[in-house]
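Letters A, B and C mark the chains as written, and numbering starts fresh at 1 in each.
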Amino acid sequence: MVNNVKIEIRGLSVSYGLRPALHGISLDIPARGIFAIIGPANSGKSTLLKCVNRTVEFERGARVRGEVRIDGVNVFRSGNVYALRRRIGMVFPLPVGLPLSVYDNVAYAPRMAGLRDRRALDDVVERCLRQAALWEEVKDRLTSLGTLLSGGQQQRLTIARALSHDPEILCLDEFSIAIDPVTTMRIEDVLTQLKSRMTIVLVTNLVQQARRLGDLTCFLNRGEVVQVDRTAMIFSDRPGNQLTYDYTRGIFG
Amino acid sequence: MNDPVVPAPALSLFRATSFTRKKIRVQKAAGILFGAMACALLVPLLALVVYLVVNAWPALTWEFLTDVPQGGMRRGGIWPALIGTLYLVVFSRLFSTPVGVLAGVYLNEYAKDNWLTRVVNLAVVNLAGVPSIVHALFGVGAFVIFAGLGKSVLAASLTLAIMTLPVMIVATREALAAVPMAFRVACWNLGASRWQTIRTIVLPNSIGGILTGVILEVCRAAGETAPIMFTGAIFFKAVERWDFFPYSPREQCMALSYHLHAISTQVPGVPEPMLYATAVVLLGFVLAFNSLAIVVRFRMRQRKKW
Amino acid sequence: MGGALKQTLQTLRRIASGLSERTIVALIHLCGISAIVFVFGIFFFVFREGSPFLRDIFDFRSFFLSEEWHPTSVVNRRYGILALLAGTGSVTVMAMLVAIPFGLGTAVFLSQFCGRRTREALKIMVELLAAVPSVVWGFIGLMVMNPLIVRLTGAPIGLNVLNAGIVVGLMSAPIIVSIAEDAIRAVPDTYVEAAEALGATRWQLVYRVVLPAAKSGLLAAVLLGVGRAVGETMAVLMATGHSIHIPFTAEAPFFHPLESVRTLTATIAAELGEAPRLDTGPGGIFPVEARHYQSLFVIGMALFAITFLISVTADLIVKGIRRKA
């Protein structure tokens, strides 16, 4: 069981200036499978993800204490932050197509990591676009601007890009709020296919999405972990915690 | 009896009374007044350009541009001054553009919100406000004397470069700030370093604004006189016609702006059309480049990628 | 074997790009602080050239409060810049009489009274007005305004405060227009909408709501315009008429716009070329002294101080607006 833990979070506290976002939380996220994190707004879900790949350091006035260990190595002590980030794919709420061609969007991360070989890049681009269920739609216009795609396409492009450096961990932060239900479903299918190969951390404010996809679900409230359990348990009639029950039933949140 | 009757005053709200009529008259008068003020400011520009061109017309020939001055500046053309201005502009750009762009990158991308950044910003504001003649004094003290460059193209160019630096810094900073933050965050999450992000995403997408800054700087550098008067401009230098490399960086050079000043205040008996023609060439150069900047900006706005 | 070679090459390239990245980032930081270095450099080098004068014969009263500027006189050498200050002051006041009403008026017109297309067109014109080189303005003062003023006013010479004031006013108007327009645009829309909902006309809106709300921004715009006018060199050099005297008297305390003056900037520009940096020593018929040269740098320091204060004040005002918004 110990070997199976991918991300260990120990006593993680984050505050932005005087405003605390996370209060010393501890979590074990197992390798492979979908780990869903639910919770109301401002509960620290996004901050948690930013700590995993250390982009929290770009936030103004952010102070971090505690540890995030990936495969036993504390990310805040890792020497090469860029290599660290390449092990983690990140998808944000709003789709961001870089102002580059579709091809260059997906090839961006491998190129920045030093991959120059045209054929290898072609392979990466095709594989990732296929994985993100976008290949069929864009294969004929790989050279057009990524920012000109529709919102749903851009979000899948973002996912393809997040997969382009072959990450071990894929973090998604409320990926579905800016896209239509049909696209959401397609991306959810993609995630269920991917979960056998990588650790997926899914932050969502749609409890039903967590219920559909999550193998484990964690309920976060006001910067503290309320409950972590098998998804079925969290959404059962007796999750063992009144707060969780209330939140999943929509009584508060 | 309970019918909602519209009271009489409410109806008359929509009818012009003498009071509202007066209000509208005042409003119109204000519009016209301010419009007239705007015109009063801008019409002279047009009138002056026309006046200058009309007076310059007899002397504005191809010969005038490509010939060298003769007869103690009273005949011939302005070739050496044109080339000298070109030298000064190019040399000052070589220094000021990279430094200005990198400084703008620093301020927008790297600077943290601390006292150092505040001091840098204050310094930029101040540098922009320093009078050109003080820049000239600085150029004399620092480059001509202290650095031992003497009066030369190099000293004058460096003086011009420092004078135009704040324009470049501010233009770059604003161009960079127009690139959405989300692009940077996306790149950082993909494992790109700050500089990689800047090089691949931020700079390519702000190149229009930076280019506009460069063009405006060229205008400024070409038009300035005071900073080069004592650091490198010379009254006359014998130059062959069509000689594109008449000056070495350690020599003094002629410059169009200084030439205009010299022939209009220090040389008696220069035919008026020649004076006007020199002014028109300088003005035309500057206005043309400025229009170019406007066109670039306009095109960039149309070709926005997001 | 080939694979290993490729691997090595790639590693090498990565190290090289890492190194070059570190170099460029260091360079960026260096350039970032260059502005500070240059501002200090300007102060230092101007001070350095002027320091012997400050050390040996500078005295506040006789420098700032005397109107006798005879730096090259053999028997009665005097370095008093009061007349030059008065020249700068009178040209600046004249310029502001032109630039403030027309500049602010144009800013109000641009932001409140005209459509988008007109505004774009007028803004381009303002930008072009700002681009006209100062030596061309000086030329206009000399060749166009000079005879015009003589004809219209009957003054004996057209190179005077009026001439330079109009020219410098036209030069500093664009900066006033652009900053004042920004300030007016920064007035929150909610103010405007609230006033419109109460039935105010455009003019009432401008007069009662927009201008009061934007007043510190307008003040900053005017200050920067003043800074521009004080620092202007070539135009005043060519259009003021080079007469060192105070253009007002005890009987008529307002300056006379038709009198010729000489400003601080023009004095430096006109005399630096003839002032030798080093003493030629005793002997000769006209023993020249480096004092003159040094005194010009002291004037430069005074100008630097004036514009420094103006820029900092204007910047503080603008920053204050931004913080409130």
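Convention: a contact is a pair of C-beta atoms (placed from the backbone, for glycine too) under 8 Å apart; a residue touches a chain by one contact, two chains touch by 3 or more.
None of the values given here were measured: they were computed from a predicted structure.
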Report summary line: Neighbour overlap between chain A and chain B returns C
Report summary line: Interface with most residue-pair contacts lies between B-C
Query raised in the report: Compared with chain B, which chain's mean CA position is the farthest off?
Result: A
Query raised in the report: Using the mean of all protein Cα atoms as the middle point, what chain has its own Cα mean nearest that point?
Result: B
Query - Separation of chain A from chain B, taking each centre as the mean of its C-alpha atoms, in whole Å - result: 48
**Report entry** Distance between chain centroids, defined by C-alpha means - chain A, chain C (Å)
**Finding:** 54
Query raised in the report: Taking each chain's centre as the mean of its CA atoms, how far is chain B from chain C in angstrom?
Result: 15
Query raised in the report: Using the touch rule from the top of the page, what residues of chain B touch 2 or more other chains?
Result: 193, 196
Query - chain C residues touching chain B - in the complex, by the definition given at the top - result: 21, 24-25, 27-36, 38-39, 41-42, 45-46, 48-49, 101-103, 105-106, 108-110, 112-114, 122, 124-129, 131-136, 138-140, 142-144, 170, 173, 177, 201-204, 206-207, 224, 227, 230-234, 237-238, 265, 268-269, 272-273, 277, 296-297, 300, 303-304, 307-308, 310-312, 314-315
Requested in this report: Please name which positions on chain A make contact with chain B in the complex.
Outcome: 53, 55, 58, 60, 82-86, 88, 90, 92, 94, 96-100, 108-109, 112-113, 145, 147, 158, 161-162, 164-165
Query raised in the report: Of all residues in chain B, which touch chain C in the complex?
Result: 23-24, 26-27, 29-31, 33-35, 37-38, 40-42, 44-45, 48, 51-52, 98-100, 102-103, 105-107, 109-111, 116, 119-120, 122-138, 140-142, 145-146, 162, 165-166, 169, 193-196, 216, 219, 222-226, 229-230, 257-258, 260-261, 264-265, 272, 275-276, 279, 282-283, 286-287, 290-291, 294
Report task. Flag every residue of chain A that touches chain C in the complex, lowest number first. Result -> 114
Report task. Please name which positions on chain C make contact with chain A in the complex. Result -> 10, 13-14, 17
